[in-house]
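Here the chain labels run A, B, C, D and E in written order, and each chain numbers its own residues starting at 1.
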């Protein structure tokens, strides 16, 4: 079976224009390679892309780990992981980092007892899923409001969590970072770094209070129904992108990366199990 | 003089009136007080981030240029808004930056001057305060600041940040950065890459060819329209997409709702059950908001303007169906009877007895919705569909491109006002005139 | 009575020319409209990730997912209703307060921008433009800006909706004011009443039923608006719905419960307001 | 030609028309009088088949029109035009279009739905309007006309049907005396020049006397009088209208006459 | 007491009141006559400050009221009550409240908005209504009253202001003769009993003659007559009204008299 068009879904988190801009080169290359019209779609949130993958209207996306788990749980036959981004240090993980305002006197999870805690987006791996499992392990009680923390909120996203902690709306929150570089810079990459670059926060005002085990970077997925040759061609394109066109890869992979490497479903079993735990 | 009875009854009358005129506001006031605490408005002042408001208003009409020294390599770069797209070519900088081999001087204006000194050092001359000197030694920041440090300086072992009305300076192990603020939306017309950058409209129109390969007007238009920073072409498309959603949704709904409206009007539909059923369908379509329809539909149709248009179509089919059937129930029977008495067939009766009298009513309702749906389309786009609403929310979420946010807001307001006057104009043309 | 043959001939040809022109314009307009609609549809179809015809058969997939997740857990629904009731009340409160505040501003703005009533007749067009702009700004724009400044919660939504409501109701109110009888106002002027007294005693009693009926209609619209704003972080039931929805399978039962709550609320207030409005307009009828 | 046999129309328990019989054997101008609620409108509406009869027959040249269905019924309606008190035009359409509605029974649905009437019809419509002194108003919207002008458009629509019979339900009740006269004269002329039967409900005696060849009086749904205007004495009228001795014909008059004939009645208010 | 000096009001090029001067030195009942458009209403509205004068002065006990602003202007309006042809009451409010509106100039906004009128005011309103024979209607809505009753409520409101001057702009023009008489008598009585000045626009000569001590005649904005009713001969009236020899006083009359005196005028329409 041939395809008539190829649709690439882009996750949110950045200016929609910038996202489209950064991925334009990938779109052009794909179109050239596959010989069918290729379009970029930038829905407002994770869910938009996931619904597209489930409904078969989006063919490829770079999902978060939790997003992949959600897709898999909704329909195991919908997508398959092909590649994952490899960081400069050779690993393909990142961390969920808990942080608070320095002047609040909080410096560890213990100090957070009875305080307000903020998650990001419920579909985010580092902003919700992993901390919602690992933090209870550390504190020994649940994440229900009033149990250990005074109140547990969703802020809506990484940026919002950082702003909320910085503003004192919540006493502590979690976001993601690559764990490389310095805390004072907001690490080398991650949401904190972006906030620092944007001048939103002064890292001098913040302290780290917790860090998760490494979280696997989300996979680049293709729709399972795609013809085999399309899958092969596209995977090859993505795999060679960092070598062929570093400028383009920088945009597509959101920053410096060593490259990509193949990955399969198994790498995400843990996340899937975690997600099952959090479902009703 | 009047009797005591009359006095008494007048007094009673006023007592009643007072009870009402005082009671109603009192009840409203009580409710507002309840909400005041339920919404925690007392805590609001505390939570409010006035500095955010400041950033927002400042960014809305101004922009900043970053001058950065990478403290590991010693490389100096200058970029508008710190973005790659606004980067000055390597080795060049704006004229207020003096690149001079070892020392770089950044003139912030009003006598404020920042020097990037050799050895990762930093000097900031602040008129009326003095000179701040700082440097990275090992992993730490050392400065000449002693005693009480004013609030606009933030100093820790690893980071120094100074904020003055003229700009912002920060120093960490990795980099030294200066932000200089300027009024206006920089690069709105041309990015630095464009040869037309820095040329006024008169120059472009009348001076010699600037880019040898293109005529001035075509080249300038091309560079403006495909401006990488502001992406005018995409914004224009997004606005069009929003209007397209509103247009397709509104008129699609009108076309679907018209026959259904007949089936739901008691004087045109003989079947009670069908009428009842269709009316409940209308209620359902209306009750499930457009937003929910968007979510439901995006599984089947994926993101894009069609999904948004269909969501508007579904909701409005409910609204129009209800309004149309009410309008149809209020038709003047006389006209229909007049047509019927000539021996007209059913369709002819509708055509000449019903349509002419309901058309103005329906049309004005539909046109009214066209304007209001432009706003809905913005919101729906923000949630999933696309269009200007998506651009707006995404720009807001990043919380830094406030000038773009302002730009989008202005465009949205203009777009809605334009649709408002357009639909008003059409209403007057089609209904009053003819 | 009748005309000469000549005159009749001109009448005929005039009329024929007239209807020909009308037919031409009518046909042209219809054609342009149909063209716009069809090409617009095709364009939107092309720009959508999934095509219209391809997606049509899948239209029930999502509801089916939700149902599949909810049906086995039906017994939990009442519990969910209870859990989310406070959020629903918050949504209704946002709508109610913003309608009240918006209507308050709308009354003042509309009086200030109605000829014959205006406090400062020179400024009428200023107030009109103000209302136009207030009306044109979608609530979501103000809400998002305010969330940035004030943090999440009901207050940004309330302010945003009140702002838009003031503009929207202001326009409707000023249409009502145009039809108000000015004689009582003049009567009050002649006794030395202040502008406020003239408006409160001379105009408001006349227009109150119409104001009330429009405000009710707006309240119903504002319930939806406040639910939608929850989606972008402004609290209330919309926020809960977004969280449950975006989690997806596993929490669709919560989503379903919230959706039912919201739907029932909207339908109840819709029916209620159309009932009350019918009553008002009928009483006002004679 | 037209024979009405034991025609009855019941609304619930109330008989609006009660066992009415009469017959018209040659073209005539006939007035139907009677007080409000006597059943005049119901009678005419049954003849035009806007209302179905409960029992009884209406025979037109041997055919019972009460049993006609579908096409035949519409054909009958086309040949039996109706004029209403409130004109019942389509106010937003122009005068000629309104007149052309008279051809709806004959023309195909498709063409008419798109407002495509044949040129010959349009010319005929303008001719008819001209005959009624309305040609100058041809392109105006019906709603822009005065009551008397609208009623003349309604008559033009009726003529456009080229009907055998014209039924007119209080054609002048909403008109001022001058317009009333114009309209009644037009109806009379149509009867005389074209030889069409006109059956008109009238609520004033003098109009009936002045314009009609024959008068039918109804009371409580029954036909209580059927004769020439001359036979319609004040006593008979009293019976028809069910009035007492204080019945004054002038009270029902809309005739324009010399003012001297009507002594002005001035009410003297009591002083407070 | 009240002096009007060279008062002029221009609407665009048209002078509604043109250089009018007169003076009132002691309480009197004064009628202003003149045909429609003569500037009567404009004159009264300027005195009450509902309309601003273009040039000229209005002196009341030495103060120029045309220059008053804000509070002072409202205080002046409070002491100079106005009665309108169309009553200008608040129709949806009860009679007492309408009367109490006469105190708005004195009372704080808050009091009036929350209906916190002092008891003494309420009782005084009832007394005034009683004096005008309207006490029984006190709790009714103004819109439920007849025209004459409404005008008496308007007079009560004026009295409630305890004004020095009462301006009445054609107070009886929309009333039937009986009600007109009641209202004019009430105004006269107020003048006589309370010693208030009443300045009334009247559109009929005989009313002016019957109730007024002094008559001012206006024509095209100018004051063309100022004298006692006796000086107001038919010749003078002709000048004021700008009428020719066919001028009949009766045409402007609203007096209740024997019907025989007024021959009914019937317009004969031309037949078409």
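In the analysis below, contacts are C-beta pairs under 8 Å (C-beta built on N, C-alpha and C of every residue); 3 or more make two chains touch, one makes a residue touch a chain.
All figures in this text were calculated on a predicted structure; none of them were measured in a lab.
Enquirer: What is the minimum number of touch steps required to go from subunit B to subunit E?
Expert: Minimum step count, subunit B to subunit E: 1.
Enquirer: Could you pull out the chain whose C-alpha mean position is farthest off from that of subunit B?
Expert: It is D whose centre lies farthest from that of subunit B.
Enquirer: Please list the single chain whose C-alpha centre lies closest to the global protein C-alpha centre.
Expert: Taking the mean of all protein C-alpha atoms as reference, the closest chain is C.
Enquirer: Quick check: how many Å separate the C-alpha centres of subunit C and subunit E?
Expert: Each chain's C-alpha centroid was found; their separation is 47 Å.
Enquirer: How far is the middle of subunit A from the middle of subunit B, if each middle is the mean of its Cα atoms, in Å?
Expert: Chain centroid spacing, subunit A to subunit B, equals 26 Å.
Enquirer: Cα centroid separation between subunit A and subunit C, in whole Å?
Expert: Comparing mean C-alpha positions, subunit C is 37 Å from subunit A.
Enquirer: What is the distance, in whole Å, between the centres of subunit A and subunit D, each centre taken as the mean of its C-alpha atoms?
Expert: One centre to the other, that is 82 Å.
Enquirer: Return the residues of subunit A touching two or more other chains; collapse runs of consecutive numbers into ranges.
Expert: 7, 9, 41, 45, 47, 51-52, 54-55, 57-58, 160, 163, 167, 169
Enquirer: Scan subunit B for residues touching two or more other chains and write them down.
Expert: Those would be 47, 49, 52, 295, 299-304, 382-383, 386, 393, 399.
Enquirer: Check each residue of subunit E and list the ones that touch at least two other chains.
Expert: In subunit E, the residues touching two or more other chains are 113.
Enquirer: Could you list, by residue number, the parts of subunit C that touch subunit E in their complex?
Expert: Within the complex, subunit C touches subunit E at residues 181, 183-184, 186-194, 196-197, 200-202, 205-206.
Enquirer: Any idea which subunit C residues touch subunit B in the complex?
Expert: Touching subunit B from subunit C are residues 33, 36-37, 40-41, 43-45, 47-52, 55-56, 58-59, 61-63, 65, 90, 93, 96-97, 100, 132-133, 135-141, 144-145, 148-151, 153-155, 158, 224, 227-228, 231-232, 245, 259, 262-263, 266-267, 270.
Enquirer: Sort out for me which residues of subunit C touch subunit A in the complex.
Expert: For this pair, the touching residues of subunit C are 47-50, 55, 58, 61-62, 65, 73, 76, 148, 151-152, 232-233, 239, 243, 245-251, 253-254.
Enquirer: Per the contact definition, I'd like the list of subunit B residues that touch subunit E in the complex.
Expert: Within the complex, subunit B contacts subunit E at residues 1-2, 6-7, 9-11, 13-14, 17-18, 21-22.
Enquirer: What residues of subunit A sit close enough to touch subunit C in their complex?
Expert: 7, 9, 39, 41, 45-47, 50-52, 54-58, 70, 73-74, 121-123, 154-156, 160, 163-164, 167, 169, 275-276, 278-280
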